[in-house]
């Protein structure tokens, strides 16, 4: 038996106070919406409340989403809630950016074509032509937008325009090996996930596996995080790790890292599109699935 | 900043139906009880609903637990709920049973004396005298109740009597190397946690590490489970695992297993005493902490 | 800096006795072969010795493999050694068998096309036509050999013939969902790797994730093993595991299992083709890379 | 069947060149010493060779260690080898330094008293009196040497004197919460293991779990490393890790960290005393057990 698919996600967050949970459960109950999954987090440190509810609307008549929203809005407003309502059946638009390395792209495309990752991919953008064939095989438009210091501003404008035209709900930097300008970073803040090949905040910047090798670490890992102004330093969504030893030269670390990066990025994307990730004051709340 | 300690756990379960969650959140809200942590599970397969709420009663006046219970009872009854309310400050009585191996006992006692495991230990029962000194050092009464085929019924009667006298909320079989009779098993059903040194249901019975060695497995593990009629076959609460290879003889597997057993058992006991474990139709629902 | 590629693997095993190691290191030294990696295991239980040496032949003149073999043979024979010498540059022929599920195939093909898995794939054999397109994209011959009870013997004959024609060094059953006949199993003993989606010996047979769900386990895993007469019961090469909880229905277990199966199978294949796996008395010795 | 105990460890390292391995295996063979375990590592980057051999001397007559050494010395000298020969039965002297936190000490003492860690503990040194009772129970001399800025040089002199008097083979800083002076650090270089409660090089310095919380990491860990001039920055021996999420406040991270620290430190100490760790050019080679 599988989880029902005709569900909605309601996510909300607001300052902690009595009644935040009740106002939502009561409204859903009144609307005869059955809660199939619910997670909450009350952050003592920031006195902030987070909630995610997955619910099944009443089956015997059409569920009027708009009316549901209108009824909820004033109740949520009383608590200063920011909230979102999403149909689970809605496949968000995810634009993927890559360079030459294809392991993360390959993994995401596999999950996409098997339906494990319930997304649409309106565009793959790359600063290299190498992965065109992989995109073609999946019937996904591939945009080759080369970039160097001479055309960075222009290229980024094209990238952003494409993202907007695709009505992207999320951008995934699947080993896109270019620094983003502050402008593009800002435009993508909280809307783009990057995979960095180290256990941030360790080994920021370039060649992290070489840094890890030089340091003689016994564990290597990867970090998926939201883009903010600092490319390798945004709010962490997921991290993965594996054991290594002295016999792992950088080449071996890189090979081992590929699997970790794929898993870690896929987990972050999955959590994001299911509305499980909240971004708040530079950190994330990630409800497990 | 730490989680507040003056909290209560409310756990409940009942058949799945609209309103189960709402009846509780509404009552807590009306009673001005603030929910600091909440977890739910709606089991599609058995159509059963599970909920655990950790809440902080209103601070400005004394919280009348009895009155709270009386108000809740009829509301919960409407949904056929079985529920429990427990003050987090209440330290449950845990009776530990051991034989000669002391690693699990040592680990539990360490967590007990540092307060990580918020329990009272009114008695340690053993069929061997060896661990008396360890019990003494922790000022815990030690009961040496030897057993063999000639006196099993009598010894078990003494064990059960001791458990009852201690008003034990939980019995932990921390490598108690004796088969329990069906009578004692039945008496302890759902009230006793056993640690078995394998990944059940693989390698039941005696000498599981030797079985694992013979089979050439590349992972060994341990399973903490509730006692039911079949000693090594009760509902699983937690499992732990570690990687091994061909160079691990049974002796090495046993050594490696000790750490896994300690961790796995401690996790199960912690979950149980915090009201995170539901036992339902031969399986458990375990809400993570 | 990467590991050198112009190396040879020398693997050997024989009854334990003084001098087994010395005879090999001495010969290699005399031949001016430089040992870059070496692993040994002396099994106390079976009094058997296993060794794997990776060495670099002298660079300044052509290395005469045949002469090297002829010199080694009588020395090894003195100790009753069974040995193999393989050039690391030699890409073994691996035939992959699949049914409809493509996650393991997809993963193996990814590692193949990126060179991480240094193999040739002369054939993909399937009892379903579904994965033809994936094979085509990788320019690998795809053989659709449907099978049911009416033609099993014939189909298996064709399979075996194809394996032989390909001069397959290894057959990988990458979720080939058919029982093999005892004849085919016997023919493939020690030459074929199967991935079973459970932590063997738990949950043999069909629908293991459903079995695991029914049992309420808190860990699921996968096992890569050599085929012998009993399909799900051959010598274990590698095992993988992940944590699950009550909220994982069979469908979720299956999804989680896909990643584990891919990793576990890939690890076994990699170890096999690098000559790191010894099969001895129903168990394996697997030297780590 | 267990590994034999009447064994010796021979460890050696030297510049990489043909014959390094052969000179040792040949000598052992000539001396009729049976190699039961052997590990090598040839570091391409630094062109340095590392070897550890565990061997059983001939049983039928007394093994003359001194004569063995004298025979080996000139052969090893030819290759510029630094080598050590140790009887496995020899229990090294390990001095443990602690402050108030007792989890690592408790874990080490447990492994000590059960024989899992085959060491002598001639002294426990602390700058606080709190853990005296725990030392007493294990019949281990406890030295209370308080320290503050006014007496640091004097206290460190006493500490070093005590370490020397005990003929310590190893010093373990089991959460000794004091910065060591450069003098003491230098004196202990390569002879002392520290446990730091983060995945170094991330979160050096004070309150690493608070740093990790502020950063919102999804994994926390611990690092056991040799002391060198920089307290939290010496060569890494072992690292451990666990998954955490947003609900882990620093207090929870600390609790979770305790288990990781114990395991990680114990693993490093075990590897060190079994001669499995080589310290070379600021990094370690750690042969697995």
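Going in written order, the chains are labelled A, B, C and D, and every chain counts its residues from 1.
One rule holds for everything that comes next: a contact is a pair of C-beta atoms (placed from the backbone, for glycine too) under 8 Å apart; a residue touches a chain by one contact, two chains touch by 3 or more.
Keep in mind that this is a model prediction, so the values were computed, not measured.
So which chain is the furthest away from chain C, centre to centre on CA atoms?
Centre of mass proxy via C-alpha means gives B as farthest from chain C.
For the pairs A-B and A-D, output the one whose chains share more C-beta pairs in contact.
Higher C-beta contact count between the two pairs: A-D.
Starting from the mean Cα coordinates of chain A and chain D, work out the distance between those two points in Å.
Here chain A and chain D have centroids separated by 41 Å.
Just curious, how far off is chain B from chain A if you go by their C-alpha centres, in Å?
So the centroids are 37 Å from each other.
Residues of chain C that touch two or more other chains: which are they?
Residue numbers touching two or more other chains: 1-3, 37, 41, 44-45, 247, 249, 288.
Given which chains touch which, is the overall layout a line, a ring, a star, complete, or other?
complete
Which residues of chain C touch chain B in the complex?
41, 43-45, 199-203, 215-219, 221, 235-239, 241, 245-247, 249, 282-286, 288
What residues of chain D sit close enough to touch chain C in their complex?
It is residues 1, 3-4, 18-19, 21-22, 25-26, 28-29, 32, 34-42, 44-45, 288 of chain D that touch chain C.
Which of the residues in chain B come into contact with chain D in the complex?
The touching residues are 1-3, 37, 102-103, 106, 110, 114, 116, 137, 247, 249-252, 255, 258-259, 263.
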